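Just below sit the structures, each encoded as structure tokens.
Two complexes are shown next, each including chain A; its partner changes from chain B in the first to chain C in the second.
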Partner chain A sequence: MRKLREMLHKELPLLMSLPAFLWEFYFLIIPIVVIAAYSLLVPGVKDGIALTTEHYLNLFSTSYAVIIFNSSLLALVTAVLTLIIAYPVAYYLAVRAKRFKNTLLVFLILPSWTSFIVQVYSWFYLLQKKGLISTVLYRIGLSGEYVSLLNGLGASTLGMVYCYLPFMVLPIFTVLDRMDNRLLEASADLGASWWQTMKHIVVPLSLSGVKIGLLLVMIPAFGEFAIPDLMGGVKRTYVGSVVMEKFMMYRSWHSGAAMVMVSIFIPLLIIALFSIARWWWELSSRGDA
Partner chain B sequence: MNSIRLEGITKYRGDVPILQNLNLEIKAGEFFALLGPSGCGKTTLLRILAGLEKADAGTIYLGDEDITNIPVHRRKIHTVFQQYALFPHMTVFENVAYSLRMSGKRGSEVSDRVYYALRTVRLESFALKHVTQLSGGQQQRVALARALVSEPKLLLLDEPLAALDMNLREQMLVELMDLQKKLETTFVYVTHDQFEALTVSDTMAIMNTQGEIEQQGSPEEIYEFPTSRFVANFVGRTNIFNGTLIITRETHEVEVEELGVFAVGQTPETSWLVSGMQLYLSIRPEKIDISLDKKEGFSNVLVGTVVSEIYYGRSTQYKVRLANGQDVMVFEQNEEHFPTESVAEGDTVYLHFQKENTVLLRY
Partner chain C sequence: MNLYRSHIGRVITPIIVSLTYIFLYLPIVVLVVFSFNDGNFAQGWQGFSLRWYASMIDSPEILSALKASLIVATSSTVLSLIFGTAAVVATRWLRSRVYLSVFYANVLIPDLVLAIGTLCLFSTLGIPLGYKSLITGHTVVGLGFVIPMVAARFNQIDPLLTEASFDLGATQWQTVWHVIVPLLMPALIASSLLVFTLSLDDFIISFFCSGTQIETLSVYVYDQIKNMIDPRINALSTCLLLASSVSVMTLSYFKILDQVVHHE
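== the complex of A and B ==
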């Protein structure tokens, strides 16, 4: 009995992480394996397994290339813009905000408690013709007529950045919050200006958070189609819409699965390039050691 | 070489005064210890010196230069922080090279000076290790090398040994003293540990809980001639008697109720002494002789009963209860394997001390 209790005590962390692990396994690992299998199988073969790369090769066409390019650009632009906006926010929250840290954090996450549809439609209210912004512009005489700010690359980018911002802020905030603030004092004490401290201490120590943030934004952004469709008008086709069409409309699961694999792979590729760039940058800046 | 002069430094935390109109002078090239109880504001004072915090009022001079409004990164005053605050993403070399690189130095000038600094703290072979791989004592030395490498005008040390174990602490104290003698840089060492302060410093200042400097002087002056009850109690241990001063033509005496009259020596500063005044008399435990028989040749003799005895190895501490119920602490060196007389709990003993070893303190 006692031995059992001891064993339980020792293995408790493992036991407690079991539900999460099972959840991940069932809803993440298995689906990815199934999708990967579908993307490689010859459709309609009943007995035995026949593998093919056909579904992937089919994606190497100009029309798909344009779609993949559209989604890559969307993901990249969204990621870069959220990073530019999120970094100062995360830095402020983690290093400067002190007493109001938690309150401000709640305000930041609050919008993502509602469905993204609600978030997008509130932007409609602001951006549409005779919406709040165009009315104000018209009334104060900055524009001669009511203009719609919707239906353009700008509006869809705005919507994307708005919806994905928390996913960039939170991981960066987490690493910066864990960073010992005395390191900043030590840096200043040793003669570093604010910019030098940012460059040599804060940014290098927060890179792991930046990387996670980029992943969290880029992977879903690459598969996103609803926000750009709703806010930008259906002018461009994105990987997400192709995947949906293939699964829902054409029932061609195999080629849809290949598209999904590509949409997982490309953001990972971008992150890998980012890591290599960082590694190279570190190597070159360490030249005189 | 630079002296430090603080004039009228005042600092509030909200409405609470931390430091009030504090004046302090530190000579160039000396090892200065700032000793005070936890929370007395000594770390705040150090941070103001470093430029990490701004005083609400007052002026700081480094040599003849007024540095009050010079920001932290331009002060050329470096700090060894309590938990070292080493940069975890850098190697030992990069940590030490930091201040040199920030001032735009590159190449062999950096590496020569970094290796020189690492040699001084005996860590050359660790240069390419990451700081997270080092032991506490090694990290401490990296912090020291990092702060010293660009030859600061003043080195501040904020309880630098607090995180180390006892043996390592004593060893590091000796190294710090040697280093300071060699470099002749002014060191300001903040601690709440009286042993560290007494060991290491040329001059020490004692801060009280109100954030005021109670006394400043050499370790010997502070220990042998404290000027207040706070200092006498805070630095080392002492026995305090509450009495009335009687000044006759030849002698000074203190009358303590129920114990009689004590002969007392001259205090260095005597102008404040007035016959009939209430004051404290302090006598250190190691300056009292304890024995079973009454001895001749002492200016003061007291009788009491031993209530406790603690054996410390090199010395034994006795607590002796006097006729008025007051307990007196006595330290006796254990000089022999087989002492000729051994005092034990419950024994009636005589306590002897010379009047020259007493100190008079303001009530």
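== the complex of A and C ==
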């Protein structure tokens, strides 16, 4: 009995950590393996297993290449636009906001704590035909008739930027918030201009945050289907919408699984390219100094 | 020249920040205002009324979607909180925290991949989709938030406190319950609020893994707004916005928002 208790005592940490790790294994790792398996198997083979790369090779056909291009473009445009808006906001919150920092932070996060479906829906009132914006345009005579602004690339991009903005601001804010403000004072004391301070101190220090922000925005943006589906009409197809159709409507899971695998790798590829660009930028700016 | 450039930074940044906040809140304000409209979208503003809230409460579909969402959110929050906290406490005793970084993957993996994976797993095993698949998927995401947040707090605990507890004759369990858990409380509250909110708001996992029997709130909203503007959805959205405001404000009040922000 005593031996049993001793054993239990010794093994207790292991037992306690077991559920979380088992959960991770069975419901995260195994599912990804299952997707990979689907993407490599020939459909409908009952006896034995037949491997094929057909589903991946199909992705190189023109129709799929266009879809992958659309999604890459959407992810890239969303990432660039959110970065342009997010950077000054993060900088202001971290360095200049002082007393209002927490309040501004709360109000930045608040919309993203609601379902993004609700966030997208909130734009309907502004963008629809006879919505607020088209009414204003009509009344002041800028457009001859009521137009719906809810279709096309512009509206999808708007929805994407709106929903993903906080995910770009937060990591940059986190990094800049930890930055020692005395660095800025020292730089100013030494006669550096605002631009020089930004280029040589703030931007290099914030790059790790920018990278996390790009990850957090680009990976989900590449597979996004609900936002372009709701806001952009059906004019363009994206990887996410093809995956959705393949799994929910046509039940062609094998080629759908191949697309899901691609949606993991392509954003990582784009981010790798960014890292190379950053490395190159660092090299060249070192050359400057 | 220096002066001129520094003025650009000083003046333009606040303008960009204000415009960003207007951009963030303009659609939300319009949505909330029109939830109190005594008429539908095509009629324009017809005066104040609570009729859409009344018809929302009368709608059996909305109530059953709410029930499904609450069941999934509560179960996945409880599961990820218990499993996550146990794992953090245990790995500390094992003197190895490296293994915990595995759980960062849960946050970084796109929801779409997790959703399709869960869908494939359940159908390969022949288990019908429903509460089981939703709760497993949401718990995976939940662990990805609970474990880093609780571990960060755990690392701040002064080891002298647990040593003192052992010196005073407390057993391991007593130390866990009376020393460690109370000290972890802010992280436990923060992460459970976050996981609950994320689960309630989740669309992608819910969309792929809910099967034909149940529908969660966000999937219901998606199906409704695909067709047209429905003021009942405005009322429902306003309630969801209110719920997430309460949860963000609570975190901010207890000064634990920082932890969430630094891990999101």
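Heads up, the rule we're going with is that the second predicted complex is superposed on the first by the 242 of 289 C-alpha atoms of A that agree within 3 Å, B and C clash if a C-alpha of one lies under 4 Å from a C-alpha of the other, contacts with A are read in each partner's own complex, and residues count from 1 in each chain.
One rule holds for everything that comes next: a residue touches a chain if its C-beta (ideal position, glycine included) is under 8 Å from a C-beta of that chain, and two chains touch if they have at least 3 such contacts.
As the structure is a computational prediction, the values presented were derived from the model and not from experiment.
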{"item": "Chain A residues touched - chain C or chain B, whichever exceeds", "value": "C"}
{"item": "First (chain B), second (chain C), both or neither touched by A:276", "value": "neither"}
{"item": "Partner chain(s) touched by A:190 [first = chain B, second = chain C, both, neither]", "value": "first"}
{"item": "Which of chain B and chain C A:57 touches, first, second, both or neither", "value": "neither"}
{"item": "First, second, both or neither for A:136, with chain B first and chain C second", "value": "neither"}
{"item": "First, second, both or neither for A:14, with chain B first and chain C second", "value": "second"}
{"item": "Chain B versus chain C as contact partner of A:182, first or second or both or neither", "value": "first"}
{"item": "Chain B versus chain C as contact partner of A:264, first or second or both or neither", "value": "second"}
{"item": "First (chain B), second (chain C), both or neither touched by A:66", "value": "neither"}
{"item": "Chain B versus chain C as contact partner of A:204, first or second or both or neither", "value": "first"}
{"item": "Touching both chain C and chain B, counted on chain A across the two superposed complexes", "value": "193"}
{"item": "Chain A contact footprint on chain C (complex, rising order)", "value": "1-2, 5-6, 8-9, 12-14, 16-17, 20-21, 23-28, 30-31, 34, 41-42, 79, 82-84, 86-87, 89-91, 93-94, 99, 102-103, 105-106, 108-114, 116-121, 124, 136-137, 139-140, 143, 147, 172, 197, 200-204, 207-208, 217-218, 221-222, 225-226, 229, 233, 237, 240-241, 244-245, 247-249, 252, 257, 260-262, 264"}
{"item": "Contacting residues of chain A [partner chain B, same complex]", "value": "180, 182-183, 185-193, 196, 200-201, 204-205, 286, 288-289"}
{"item": "Chain B - residues contacting chain A, complex", "value": "50-52, 71-74, 76-79, 81, 83, 85-89, 91, 93-94, 97-99, 102-103, 106-107, 110-111, 128, 146-147, 150"}
{"item": "For the chain A and chain C complex, residues of the former touching the latter", "value": "9, 12-17, 19-21, 23-24, 27-28, 30-32, 34-35, 38, 85, 88-89, 91-93, 96, 102, 104-111, 113-126, 128, 130, 132, 162, 165, 167, 170, 173-174, 193-195, 198, 215, 219-220, 222-223, 225-226, 230, 240, 243-244, 247-248, 253, 256-257, 260, 263-264"}
